[in-house]
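Okay, here's the structure, questions in a sec.
Chains: A, B, C and D, in written order; residue numbering restarts at 1 for each.
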Amino acid sequence: MTESNNNDHLVKSDDSQHPANLIPELCKKFWTLGWVTGTGGGASIRDDDLVYLAPSGVQKELMKPEDIYVLELSKQLDPKQRIYLRSPPSLKPSQCTPLFIAAFTKRGAGCCIHTHSQWAVLVTLLLESQSNKNLFEINNIEQIKGFGKGYQKQGALGYHDTLRIPVIENTPHEEDLTESLEVAMDKYPDTYAVLVRRHGVYVWGETVHKAKTQCESLDYLFQLAVEMKKLGLPWLSDIA
Amino acid sequence: MTESNNNDHLVKSDDSQHPANLIPELCKKFWTLGWVTGTGGGASIRDDDLVYLAPSGVQKELMKPEDIYVLELSKQLDPKQRIYLRSPPSLKPSQCTPLFIAAFTKRGAGCCIHTHSQWAVLVTLLLESQSNKNLFEINNIEQIKGFGKGYQKQGALGYHDTLRIPVIENTPHEEDLTESLEVAMDKYPDTYAVLVRRHGVYVWGETVHKAKTQCESLDYLFQLAVEMKKLGLPWLSDIA
Amino acid sequence: MTESNNNDHLVKSDDSQHPANLIPELCKKFWTLGWVTGTGGGASIRDDDLVYLAPSGVQKELMKPEDIYVLELSKQLDPKQRIYLRSPPSLKPSQCTPLFIAAFTKRGAGCCIHTHSQWAVLVTLLLESQSNKNLFEINNIEQIKGFGKGYQKQGALGYHDTLRIPVIENTPHEEDLTESLEVAMDKYPDTYAVLVRRHGVYVWGETVHKAKTQCESLDYLFQLAVEMKKLGLPWLSDIA
Amino acid sequence: MTESNNNDHLVKSDDSQHPANLIPELCKKFWTLGWVTGTGGGASIRDDDLVYLAPSGVQKELMKPEDIYVLELSKQLDPKQRIYLRSPPSLKPSQCTPLFIAAFTKRGAGCCIHTHSQWAVLVTLLLESQSNKNLFEINNIEQIKGFGKGYQKQGALGYHDTLRIPVIENTPHEEDLTESLEVAMDKYPDTYAVLVRRHGVYVWGETVHKAKTQCESLDYLFQLAVEMKKLGLPWLSDIA
């Protein structure tokens, strides 16, 4: 196999901000946060029509630019048949791919992150016994201001706004989450994240910066919510 | 725009102790401590009349000296109109600015740190249901000796002294905290910190060293206080 | 003693993937995860008939390639008498050796990791008061997919599968665990791990990659299980 | 002041194992473990008659060899008057000094570590309401084997042995702990550590290696003990 056939040039760049360099850098950081333990989780960056994806089943803190998959967003017409511009030899594409693509096509996201954060999983477990088990809600916490108001809207949520993150049920095969993820996106058009019960969370943003900082803010809120539950403190409060 | 016009020389120094080098270094450390997650929190250093400030909305662990704002403390006559000696292009000044300035002008602080530490937030939440919800108090813990006795006083608090940190209510816009922060400073003239309910904490000190180590000591005490609550242990005790 | 006599060449390699380089690298990482605190725990890699072992009693984050023991698997006929191809002077072989060897001989493992993770210990303590105290079971958590189906089987566990990890009782001398470890392996032929009550866990895999990522996934599940217990959430659930 | 007058040569060495290089290296590590937050805690190494000490009030993760104090153990005849071979200008000697010296003179220790670990503090708080509030006891946990049998004894504690760590009451001035620390050492001649209520712990060992790994093992057990308390699990159990 020659280099050009495999399109290796797509993942070779001296620019630290190139998606093929950024994804390994991000995943290394996410590993230290416990978000991508044991090959779980992943990340994808979209640059115009090109989508860069972390592969399946690799140690996320050891990933290298040459491990990155690349595809053209506009050419993914048949969801059952994925065509890659670049496939690293001896690796497998991530089952998260159709979910990342949903964020790119339905929300114009520039980056989508998937974590297995325990705080996310615990929040979905705590919700299971509640009346509205498919919606995480929290308000009156400053960190909520870390989220944008929503799709094609200007500005950020306010301190008194209620952050709402829909929860979808997990499925045995990750790609089968795509339909319910898209349903949740339709029902909550302004959300930047969808929780997956007993699994983790998908978070996106217009840019890498926004996806990452929204993911951090959300994980912060999930951890806070779990600690609040341990201490008997409610997630929603009535402050003028 | 020429370099001199933008006063880039104010943030260029080979000295690792220069405020424009120190602030990114500190914020990187604070990020690993979970204090400035998702662009939250910040830090400011005063060198005589010059005030150096972390910008708003940046990933705090990736900040660079050229991202730093600079202003002259003596020239900030109108709180509604902030004049910067140096504004990094394409960044926004921090909403924390007037709060940092309050610590500099009212207490002669040399550094002020703002964290979104979850331990700080949880302490303010736990206080909400208490009779005196606007004051965190703890005593008889060695780490209390990490705090100075107070404004223009010599020496440190003692082991038996009660550390008192006032709590102010959060507001939708961070700069609107300024007035209540100043009221809290007036009511507790010797405090080196003010908690903001459901938000975080502001901590200052005469020097970078003192602000940072007081912030660490306080975060230690907040975490300890939350764990004590989980274990049914009271924050105040009666030891001779 | 000459270098060739001591077989130092067995642990000298420029290849970062050589077992004598990998073991210190892994142990350094494990130390930051709290798995090998205070010289506890360890790791071993098998390369065909050669077995590389971390020594006993060293600070695991400071280990060097020259600290590694080497033996030939096929030559270990008498379990009471261990013959090393290479023994570092002034170090002692690990008491875990026969347990690592059990994973290599009975399961054809390529790597075996032993941690003292507190989450593993707490899980075994929580099980002590349960009717089936010798088996940790959890299901319907995505991270379960991080485990292979079992010895000589293809593919991974599914989301709805129940992960079962047997628990054996601790003994005063670590090598005395060997028999009960082997009994547990026989009873649960598809397990990739055995918990040791009040002690920790042994985890293996066909390759270093699989042993490490299965160990991470398991530690994730142990931590989650402890947090679930604190929050009153059951480890087993009935989801179609 | 000339360099020789200040005995700077005592802290200048290219050997990474020299005490003046080791202490900053250790303290940096301890800072990441939360043991020496906000200038709290410290460490001292004895090399024959020379004692090397971390100074008071410095950021422990930023300490440098030139910050180290040195004294001669045999020349410390009057506990009220400490004579230093080397005193760094503009720093203050640690109040822990007489406690470190107690470990060196009464137990022949080669290294003594003082942490403000929250797990240590929480253990002393949990003991306050117990009948025997001055003794932490735990047994049947593998990590107990991380401790030597005691002063001038060979070998390590066994799995079934009960680890006993005496607790002394805190005093406003740290040097005033010396007498009760020595009383506790006399009452528990085989202990390698003394807890200080609401303050932290002192841990020593014959070598740096032993002091550090015993300190790690102890902190592990303190954390485990706190988590056991949260989960309703007893510290002592009756296993044959």
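Assume contacts are C-beta pairs under 8 Å (C-beta built on N, C-alpha and C of every residue); 3 or more make two chains touch, one makes a residue touch a chain.
The shown structure was predicted, so the numbers you read here are calculated from the model rather than taken from an experiment.
Peer 1: Residue numbers at the chain A-chain B interface: does the shared fraction exceed half, giving same, or fall under half, giving different?
Peer 2: On the two sides of the chain B and chain A interface, the residue numbers are mostly different, under half being shared.
Peer 1: Find the chain most remote from chain D, comparing centres computed as mean CA coordinates.
Peer 2: Ranked by distance of C-alpha centres from chain D, the top chain is A.
Peer 1: How much rotation, in degrees rounded to the nearest 5, is required to superimpose chain C onto chain D on the basis of Cα coordinates?
Peer 2: 90
Peer 1: Could you give the separation in Å between the centres of chain B and chain D, each centre being the mean of its C-alpha atoms?
Peer 2: The separation of the two C-alpha centroids amounts to 32 Å.
Peer 1: Report the inter-centroid distance (CA atoms only) between chain B and chain C in whole Å.
Peer 2: 45
Peer 1: Two or more other chains touching the same residue: where does that happen in chain C?
Peer 2: 230
Peer 1: Which word fits how the chains touch one another: line, ring, star, complete or other?
Peer 2: Its topology is that of a ring.
Peer 1: Using the contact rule from the top, write out all pairs of chains that touch.
Peer 2: A-B, A-C, B-D, C-D
Peer 1: Under the stated contact criterion, what part of chain D meets chain C in this complex?
Peer 2: Against chain C, chain D makes touches at 140-143, 146, 158-160, 209, 212-217, 219-220, 223-224, 227-228, 230-231, 233, 239.
Peer 1: Which bits of chain C are touching chain D when the two form their complex?
Peer 2: Residue list for chain C touching chain D: 34, 37-40, 59, 116, 118, 121-122, 125-126, 170-172, 196, 198-200, 226, 229-230.
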